[in-house]
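Let me begin by presenting the structure, written as structure tokens, before commenting on it.
Going in written order, the chains are labelled A, B and C, and every chain counts its residues from 1.
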Amino acid sequence: MPNTSILFALDALTGALFLLTAIGVVATRQVLASLQLFILQSLLLTLSAVLLGIAQGSIHLFAVAAITIATKTLLIPWLLRHTVSAEVYRTREIERVLNIPSSLLIAAILIVLAYVVADPLLTVVGLPFDQVNLPLGIAAMFLGAFTIAVRREAVPQLLGLLAVENGVFFAGVAIVPNLPVIAELAAAVDVPVVALVVGMLTRRIHARLGTTAVGRLASLREQ
Amino acid sequence: MELAALLLVPLLASGFSLLPAGRRFAAPVTLLGSVIVLALAVAVAAEAARSGRVAASGEWLTCDGLGALILLLVAFVGFTAALFSWGYVAESVKHGRQKSVRLYYALYNLFVLSMLAVPLLANVALMWIAVELTTLVSAFLVGFEDTPEALEAAWKYVVLTTLGAVLALLGFLILYWGSRIAGLTPFTWSGLVEAAPNMPPALLWPAFLFILVGFGTKVGLVPMHTWLPDAHSQAPASICALLSGVETTTVLYVILRLFPVVGVAQGLDARPWFVGFGLLSVGIATLLFIHVRDFKRMFAFSTVEHMGIILVAAGLGGADAHLGAAYQMVGHAIAKSFCFFAAGVTVLSVGTQDIASVRGLARSSPLAATALIAGGFAIAGAPPFAVFVSEFVIFKAGLASGQYLIVALLACLVVVAFCAVMFHINRMVFGDAQHEAPAMAVPRSCKVTLALAAIPLVIIGIYVPAPLYDLLKAAASAMGG
Amino acid sequence: MIALIVYNIIQVAVVVAFAPLVEGVTSRLKEILQSKRGPSIFQPYRDIWKLLHKDEIVSEQSSWIFRATPYIVFAAPIFVALLIPVLTRYPLFFAFMADMLGVGFVFALAGFFACLAAADTANPYGPMGASRTRMVGFLAEPVFIMVFLTISFVAGSTIPYIVQTRWVTPIANFFEPSHILLLMAFLMLILAEDGRIPVDSPSGQFELAMIDRSKSLEYSGRGAALMKWAGAMKFFVLIIVFLNVLVTPWGLADSMDLGSVLLAIPLVLLKVFCFLLLLVYIESSLAKLRLFRITEFIGAAFVISVVAVITRLSEM
């Protein structure tokens, strides 16, 4: 079926760009740029959900797409703008633990690792889309977690967290096209709540400590 | 019906606490709500112990032996911590910040609600959301004291545990995938157990690991434990009691639920993973015990240790070990919440959490000293407290099934941990008093809480009532033993 | 046979003749985008013409390398133009001589001589530019290798004529992630290799900040003309490789008759023009990177090419 093969290729392309945005969130210096990359990543997630929805005729995936658009590209940026002070966005150079070339190298290693992790899962007979979405989703997950590890600023850490969530959903749309709608809705509520809670916390840290470089906070540790 | 009411009552209490006039009656309303919840939980647990299963509101809410046990523990600690909060919160926010008291009680009730929801919700996806909510709702409670340290702890707590929860989500999605392949069974724990033999092992295995690592973060398993001592030492004492006493157990409950699912799959064995993570947690926590400087932190490490012990017990396998694990959960919840109440009272009395700067507590604050010693003995596992009995049961079960090495290692570590805890508490309690006068008066509600919480602490190690024993049996069998 | 040789020569002639035009169009477009009028698109021809009629001054201290380099640098793109598909879909007479790795080697040789010549003059800016070019080159080379490896991995060959048809048969291949990612990585390499923004500013006049251009500062007269022309041709050839080999073979001549080959010339130029629009947009929206940030830029290209390999692996 040529139709499916085009959809598959488009989905693979979406996946590749999705992964690139995940790398971008690791590597960009500016807070605003990483927010924009996150929005782009969410759009790509939506696109993948739509493509898979067309391919499988699943109404659930369109629901996922709609929820993703509403929460991740509209609600979360809005929430962040309103909870986190504008000062945070003006930070041009994000403090980071590792320099960019080394983090890119580690990112490449993590991507390979994601394939190793996903490999046994891919032996299970599934849709061809699994071959793309599952490893790339897991890779984006790892990269998001890595972002949290290398960033010191609060907002980029939050974006890393949300990127992990995006990665899970990217894998999820391929493997579970028919999760009950109630679970989808609940997950849709969950993501903005995470953003809200972390955003408020950032605001309080900023108000109390005058900084949002949470990676610098190290008064609590084993002596 | 009781099950729905269990969720409804804290929700109502939370709403009432938010009312503008809430500062006056938020605490009593919360307390009232928690008493009702406790009564309902006892009823549900008694029912579960008798008949095995209670279902309400269609198939959305269910509760079996293990769930009822968790429910009972959450309700009990929720009640004592609410009582403790009454005086403690009023004392610690005496100056200004009236609004935050209302927020505290509103979130407190939601926190309890989310923990109650975890064992109650039948759908596993919804249960995941309940677990996630426990973090999100409690984030502000952890940072309630608004010190730089508390905010740092809250940040680590939210970011790391949410990260873990998202990892676990992937695990659950894979499980769902598997259950879809195995045929259309409902996405509930019993449905999963039913479907597991037909699932491809290639799916079960990664799902199990993702959930173990993801929720293991929230339980505080080493090496994902780094946030736990921070959060559990910086939150207000009442919240620490909930976090340490039952939140960890509630999430551990989810991991234990996986055991029957993975256990029946062909060619898979979850036990080494449980034992491995468990022993590692106990070992590292014991090492960290030795030179800990903050006594609330010490109790936090003890939580890591206890979670490890329960996991090892689950990994040892067999009905006896699982009974020990269930018993240990009870002992842990009661003793650990008591310890944090004692720590809270101590902090009120001496105004510091630093072990080195507390001396001669026995003279300056006999109540705090007595509570600390009792709590210390209870969590370290001295007879006649429950933890001693449960550890004994676990060792015995392990020896009976011939796993000598694991039992020997565990026993050594437990003994070292015991010595370390007693050493630190000794230094604080005895010696010459350095503090002339108490920093703050201990509120009456805190004293009452200590007295109330001490009752099960003392009794449960000596005498287990028959219904509770039945419940433990039911819980053990739900763990697959 | 004869036809193949003739077409091959036409191909080289197109490269030689239109390269300055491409450069002129690029700078004009850039000026327009910046709301300026800009020079005529034929300005590079006039510059080259003027330089060719001027006297050449060569330092007495310099060796034969300095004098030979313009010819070597000028010959390299012409040689490459023999190998690659500029106008046709089928291999021409000299195409058998080398594959894409060969193309890389020829350019590397020219670059090597340019660097030697820059050092030869003892002008302080020359060696500085040479060492910076080498730095960029050292960083870019592993990425080039990675890209070619991926291409050969995906297309099963490094022969440009085989590679180019791989992307469009079937058409779904065009949207393969590995293909799109390769395009991105290679585009970044073109920017780095040809000294364009964000790596280097081709129109900058500030010697201290120059990377690529400072190597030819010491040339005058005919030498300068050849170097300028060679630079334009190299740019043109890189674009052609990118567009015809890596993107698609659309617009190229399929049949052997002269008419279709001649028709391919405007079509290819149109393709190049569209690409220039994109390039000018990229160049105008970015700022030049600090020297030590170039590693990050090329590191990003490297990661993209690695991702291309990996996504390719997942589809197999």
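Simple rule for what comes next: contacts are C-beta pairs under 8 Å (C-beta built on N, C-alpha and C of every residue); 3 or more make two chains touch, one makes a residue touch a chain.
Bear in mind that the values here come from a model prediction, so they are computed numbers and not experimental data.
Peer 1: Compute the centre of every chain as the mean of its C-alpha atoms, then state which one is farthest from the centre of chain A.
Peer 2: C
Peer 1: What pair of chains is linked by the most C-beta contacts?
Peer 2: Looking at every pair of chains, the most contacts join A-B.
Peer 1: If you average all the Cα positions, which chain's own average lands nearest?
Peer 2: Taking the mean of C-alpha atoms per chain, the most central one is A.
Peer 1: As a quick test, compute the distance in whole Å between the mean CA positions of chain A and chain B.
Peer 2: 30
Peer 1: How far is the middle of chain A from the middle of chain C, if each middle is the mean of its Cα atoms, in Å?
Peer 2: The computed centroid separation for chain A versus chain C comes out at 36 Å.
Peer 1: Cα centroid separation between chain B and chain C, in whole Å?
Peer 2: A distance of 65 Å separates the two centres.
Peer 1: Contact residues on chain A for chain C in the complex?
Peer 2: 2, 5-6, 8-10, 12-13, 15-17, 19-20, 23, 27, 100-101, 104-105, 107-108, 111-112, 115, 131-132, 135-136
Peer 1: Tell me, which parts of chain B touch chain A in their complex?
Peer 2: Residue list for chain B touching chain A: 123, 125-126, 129, 132-133, 136, 139-140, 143, 146, 148-149, 151-156, 158-159, 162-163, 166-167, 169-170, 173-174, 176-177, 180-181, 187, 200, 202-203, 205-206, 229-230, 233-234, 288, 291-293.
Peer 1: State the interface residues of chain C toward chain A in the complex, per the touch definition above.
Peer 2: Those residues of chain C that touch chain A are 170-178, 180-181, 184, 295-296, 299-300, 302-304, 306-308, 310-311, 313-315.
Peer 1: Looking at the complex, which residues from chain A come into contact with chain B?
Peer 2: 117, 120-121, 123-124, 126, 137-138, 141, 145, 148, 154, 157-158, 161, 164-165, 168, 171-172, 175-176, 178-180, 182-183, 186-187, 189-190, 193-194, 197-198, 200-201, 204-205, 208-209, 214, 217-220, 222-223
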